[in-house]
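Each structure below appears as structure tokens.
The same subunit A turns up in both complexes below, where it pairs with subunit B and then with subunit C.
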Partner chain A sequence: MRQVLLAVAFAVVSSPACAASVDAGRYQSVLGDCEGCHGKNLAGGVELMTPFGKLVAPNITSDKQTGIGNYTAENFRRAMKDGVGPGGKRLYPAMPYPAYAKMSDADIADLWAYFKTVKPVRHAVDVNQLRFPFNLRFMMRGWNMLFFRPALYAADKAKSAAWNRGAYIATGPAHCGTCHTPKGFFGADKGLALSGASLQGWFAPDLTGDPTTGLGGWSAAEVAEYLKTGRNAHSIASGPMGEVIEHSTSRMNGADLRSLAVYLKDLPASPGNGGGASGVEAQMKSGAGIYRMNCAACHSLDGRGDNILFPPLAGNALVRQTSAETLARVVLAGSKAVATRETPTGPGMPSFAWKLNDAQVANLLTYIRNHWGNRAPAVSADAVKKIRTSLRSASH
Partner chain B sequence: MSEQRALSRRRLLASVAALPILAATADGRSISGHLPWSPFAGEPPKPVSPLGWYFFNPGEVAAIEAIVNRLIPADELSPGGKDCGCAVYIDRQLAGPFGQGARLYNKPPFSPGLPTQGYQGDLSPAGRYRLGLRALNDYTHTSYKRGFAQLTPAQQDTVLAGMDGGTVALTLKPGFSTKEFFEMVLQNTMEGFFADPLYGGNRNMASWKMIGFPGARYDYRDHIDKHNVRYPRPPVSIYSAEG
Partner chain C sequence: MARLLPKRDAVIIGLGWTGSILAQQLTEAGLNVVAIERGPWRDTATDFNIAYMQDELRYAIRKELFLKPSVEAMTMRNNISQAAMPMRDYGSFLPGDGVGGAGVHWNGKTWRFWSSDFSIRSHLVQRYGAAKLKGLQLQDWGVTWNEIEHSFDQFEYLCGISGKAGNLKGQVQPGGNPFESPRTREYPNPPIKTGYAPTLFADKVRELGYHPFPQPSANLSQAYVNPLGVRMGQCTYCGFCERFACGNYSKASAQTTILPVLMKKPNFELRTECEVLKVNLTPDGKMARSVTYIDAKGVEYEQPGDIVVICAYALMNVRLMLLSQIGTQYDPVTGKGAVGRNYCYQTGSGARMFFEGKHFNPFIGAGSMGQTMDDFNGDAFDHGSLDFLGGGGISCDPSNGRPISYRPTAPGSPRWGAGWKKATIEGYNSSMGFSAQGSSYPVRENFLDLDPTYTDRYGRPLLRITFDFPDNDIRMSHFMSDQLERIAKPFGAKVTTVSRVRKGWNAVPYQSTHNTGGAIMGSDPGTSAVNKYLQSWDVPNVFVVGASAFAHNAGMNPTGTVGALAYWAAEAITSKYIKSPGKLVPA
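Up next, the complex of A and B:
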């Protein structure tokens, strides 16, 4: 009892005046998925493979030598929203400042209040391992001039409060578009927002309302369930989205998840995937045999899977993405679903790289993308070969 | 004597002292949050190459191929044991951990065991084959003036039946009877005939076709309620990509 009293007294005495904003800031760091790149203890070290070379997420603990312990509140605000560090150092937009620019100054201030309480960790990180000339930071000044349009989130008065909250989170702190929006030649957003994009050997799927490739077939409740638990009747998250769910969305509150779902469900449909494969009878026949031999035991012959452990392939928008990159990756290397508090099992998909050659994987994927009512472009053995090669070189 | 006792006490104390260390290292890894996982994980079995011999010498090859061809003769049911790769299967097994008795404790003292306990001596399975095939050849040279492989099928059957029935006694070792040798070869031949083709035997899944076994399939849900209907699909091996 005395210990409890002491602890309470200590807490009261030691709490800064703005205790509420530390908690609010901690929640902002959940919304922003800071841990996703900067690591569980925020001391950095997570490697991001960009088309321009490797970036390593820096240490953002309060350590003065290797972290951001010397930042002022204004230094922090400018880094978050302008992409400019102390002394005018240009950040790379792998740090999603183009999205964070939408955040309110109050949310940024809360986040800074929280970061000041983060335990300092001495860990020097060699951040910039990009290839020449991308390793020259001053070049980002030009990139910003061309592509960076900083603007606070502007509420759409015609939409509901939930929609606006969802839009704020999705386009601001949660920076969904960093992965899900297609990128142009210079790595800037290009094309329809959240309509799906390839990065780091995965295809971040279409989140628009398209019924074939997007979230058209998911209810808002199912979107929220997926973000909270890592799975729903349609899908089980693994890979980078599994990490996002683990570090960020599973820890968001219910109202924010529902708001995100309202916003995502309202996105206008993308043009879809360009339609099904044709003239691929041989691929389909071979794919059916490969599916029966290797996949049917879990995903079942009728493609309906088992919604506790094995996602259905029939009617699954992930299977029908424009790019089959994720599918090829999961078949070749296997995959491990995220484990959350609600769904702690984290089922795994085994690797088939030892057994299936490139043509067989291509036939299998063409089959699952065009059977049980699915329609999506065929997959070529060449495409699978490229994916196998890059996965192999990344895992050694 | 007291010197010896002191030594053994010291050794005992040392071993007791070592126990906690051993126990600590043997303690399981504790895993929290996620089960460990890595891409491309798995230990797929390595299919044997059908070419060449890894354990048997040419004389032994002739003998073992003749034996498996009499144990599983070519007939209307299936090709013979040789064509099914049974000798290759046994060769690869004897060249590997099975042949070395890698999972058996084979240090003395040796005591006679019960029949159900199998061979109890110091010879590895590979050693028993080497000894057994040499003794078989010695026997046929003595009785028929030629090696086992050169006998007629009828003579081979007589010798094998004698080994099984106790009328043929090869010169082996105490604790390793002719019948035990026969049963070992029969057992391994059956394994080669029925095991997955990736191990070198059961070529073209001949035995599975013979008995109607569909092989390494693991989903029969589309067929499970079709009673008294033969499963329509051909057998598949672990390495079959399509089925």
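Up next, the complex of A and C:
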């Protein structure tokens, strides 16, 4: 018991000089989800599988040998905003400097004040494990010339302060587009911002106003609730978004979450998913049977789920994405929902890979994407097979 | 030589129901807690996969989630004139194993023992005179109903128990159990749905003037968020409760009610696959200083702690106390010594009826989807002219119609071949049963101690169970069987069979995992191992929590009372002990 009291006492007395800036910087690291890639202690090691090979997030603690303890404020600012490390070393845009370039210098300075207080951890990381020629850092010079248009966030005077704050967070520190915006051949943004994209075996869904695939069916309050708690009446977060919520959005303040919701709810609609499947009666019939046997106990026969633990499938935009990649992955590999302070349970979806073959999964997904009023393209057994194979190789 | 680890405020042995409750409450109070669990980590999402949880062969027959005798066996005998022999397989009862313990694979029947149970001796002596208790070692529990009622309430709200109050602050409620002791508020959820058999049973016994009511159930009637913010789902009546874990978050367990919150706490640590060998005492034997455990790699550790809470299964709690020399071994010859005293069990009998033209659909089931009448339970009825004390709840609670084990056949049916197959097809859907779960009262001869011959894989003596059904309980149970026969008559079944308990407890066929006593609570250190706060009389920084503390066993499932005792002990530690460590009750 004495130990408990001592611990409390220590917490009270330690108070660095520039506490306000450090606290503001800590919050910037929440907005930027630094822990998401660099790890809870920021010592790096999280692997990012890119189409070009593997990148490992570096150690960004204040350790002088293996971290960024030797950085100056200017080194740090340039790494964040220009993608250039000390000595002109080019960073890869897996470090989302194209988004961070929108951040104000004041926010970057706060973040640096915080990073200087991060406990040094000696942990050497082999960052660049990309395939040749992508492992040649100088190539990023060309990439930057082609695709990198650094610019501070420019406020839209026609929009509200909340909208602008939301836009700043979404396009700047929170770098939503890194996952949710479609990418071209060279990994640069291409196409309608935040209209959904595939990465690391998941499909980051459409966040535009489209009512079928986007956030059109969610109220702004529901968007904020989802970002805060990991769930709302429509969906429960798992996978990479679960991690983002755990490390970042659940720790954002209420005003910022509301601002993000205002901005996202104002995004123009994407073209949607191209409409429902047709001529798939056999798939639908088979899928209905599979659903009844395997899914209905939790998600219920009427597809409305149980809004506390099991997400509804009827009317769920995630079910109707253009790509069924996430759905197939979740059915095959299972998934565990994020657990937050407000919703600590973190319910799990079990794996059905051992039980359902590719055709059965395809039929099931075609069914749930085209029943209870849902409309989305059919899913083929071949598509499921590809995902099954990639999951198998990822786990080996 | 064991590796010495940094000291913690509290060391909890076992992370089942009681260990989880203690860990939650102690960490809430700011203590730095480590729990040491012999079995594996288990969680709903990863280990109770809804897609294969309903595998009867794997879980019910091969008993995947249960304690293996190779890990810990026990010896048994009926009386001290016999040499106890080791149980080579668990049969009569099935202890749990791993995180969540037996709370993972229980049925979910969540009773409160009655006011008259906690003060059983005083109550019975007052009503019938002391002579009536002759031969029974019945004792008051040291805690009264009014003191502990709120602890029941805490456990029920944690679990989201689905039921109907029968007595709200002294007011009898229609539809509930009129014999229950007063509760301060209604159950957190309404009763779960019930099937045809329990509905028929309730109608028939109501016509006979009895008082049927829905069993309080930890299989939830509706979605629920408990006071910790943890969410549970609605029971789907899949019929795979007992012996199975719940795959869809609708049966209360440590996993579905506490662990999501507990596991995230910075002042809590869990070490699984670590078996505690003993609690180490100071040289004078007056305080516990640490526990010694061995991990999955065979490395031995010593974990010091200011408080040690023993939260294993009831039988293992007693064994660990004996192995650690906490308290004095009970001696059935002299009646002296407290540890091992008042071991009790359960005295069950059942009726089965075979009908023509009825379809019970037994595959629709849940662990606690039944109707019960308590008109013959405990002391709800006058024992003045009867030759026994105690009683039992009579319940119709079809939990399952699983294909391997549920094969009721009418008496006289062939035991194998085509005739047997035909009989099982007929019996499956056209029969129903109901049963009496009888009390088990303590006698001098039934007790627990360490076996003098057999040891476990670490060379420690096994626990020895010396138990037979006492004459009082046999007479009680035959009375209950008579009631079952009488109640069955108006059903108009083609054939009815009623079982009767016989002397000579047999450890092989499954009977009940309601092993109680051995480290009982009470107000006299001469006749109880722990005081009313479940604190060891002898080693005051050791608390022993579980059904081991029951001074007798009532005609009810024990988990509700186990959960209440866990909250009760946790409250004593957090509100009394940590403010002023020492004996909470002067000895």
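Convention: the second predicted complex is superposed on the first by the 379 of 396 C-alpha atoms of A that agree within 3 Å, B and C clash if a C-alpha of one lies under 4 Å from a C-alpha of the other, contacts with A are read in each partner's own complex, and residues count from 1 in each chain.
Assume contacts are C-beta pairs under 8 Å (C-beta built on N, C-alpha and C of every residue); 3 or more make two chains touch, one makes a residue touch a chain.
These numbers come from a predicted model, not from an experiment.
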item	value
Fit or clash between subunit C and subunit B when superposed on subunit A	clash
Touching partner for A:294 - first (subunit B), second (subunit C), both, neither	both
Partner chain(s) touched by A:309 [first = subunit B, second = subunit C, both, neither]	second
Touched partner set for A:336, first subunit B, second subunit C, both or neither	both
First, second, both or neither for A:224, with subunit B first and subunit C second	neither
Touching partner for A:170 - first (subunit B), second (subunit C), both, neither	neither
First (subunit B), second (subunit C), both or neither touched by A:391	first
Partner chain in contact with A:207 - subunit B first, subunit C second, else both or neither	neither
Subunit B versus subunit C as contact partner of A:360, first or second or both or neither	first
Partner chain in contact with A:286 - subunit B first, subunit C second, else both or neither	first
Residue range of subunit C overlapping subunit B upon superposition on chain A, of 147-155, 219-227, 273-281 or 471-479	273-281
Common interface positions of subunit A, toward subunit B and toward subunit C	294, 297, 334, 336, 339, 346, 348, 350-351, 354-355
Complex interface listing, subunit B residues touching subunit A	33-35, 37-42, 44, 217-219, 221-222, 236, 239-243
Residues of subunit C defined as touching subunit A within the complex	9, 30-32, 43-46, 49-52, 223-225, 228-234, 236, 238, 247-249, 256, 260-261, 264, 267, 306, 578
Touching residues (chain side subunit A, partner subunit C) in the complex	1, 3-4, 294, 297-298, 306-310, 334, 336, 339, 341-352, 354-355
Touch list for subunit A against partner subunit B, complex	286, 289-290, 292-294, 296-297, 300-301, 332-334, 336, 339, 346, 348, 350-351, 353-357, 360, 391-392, 395
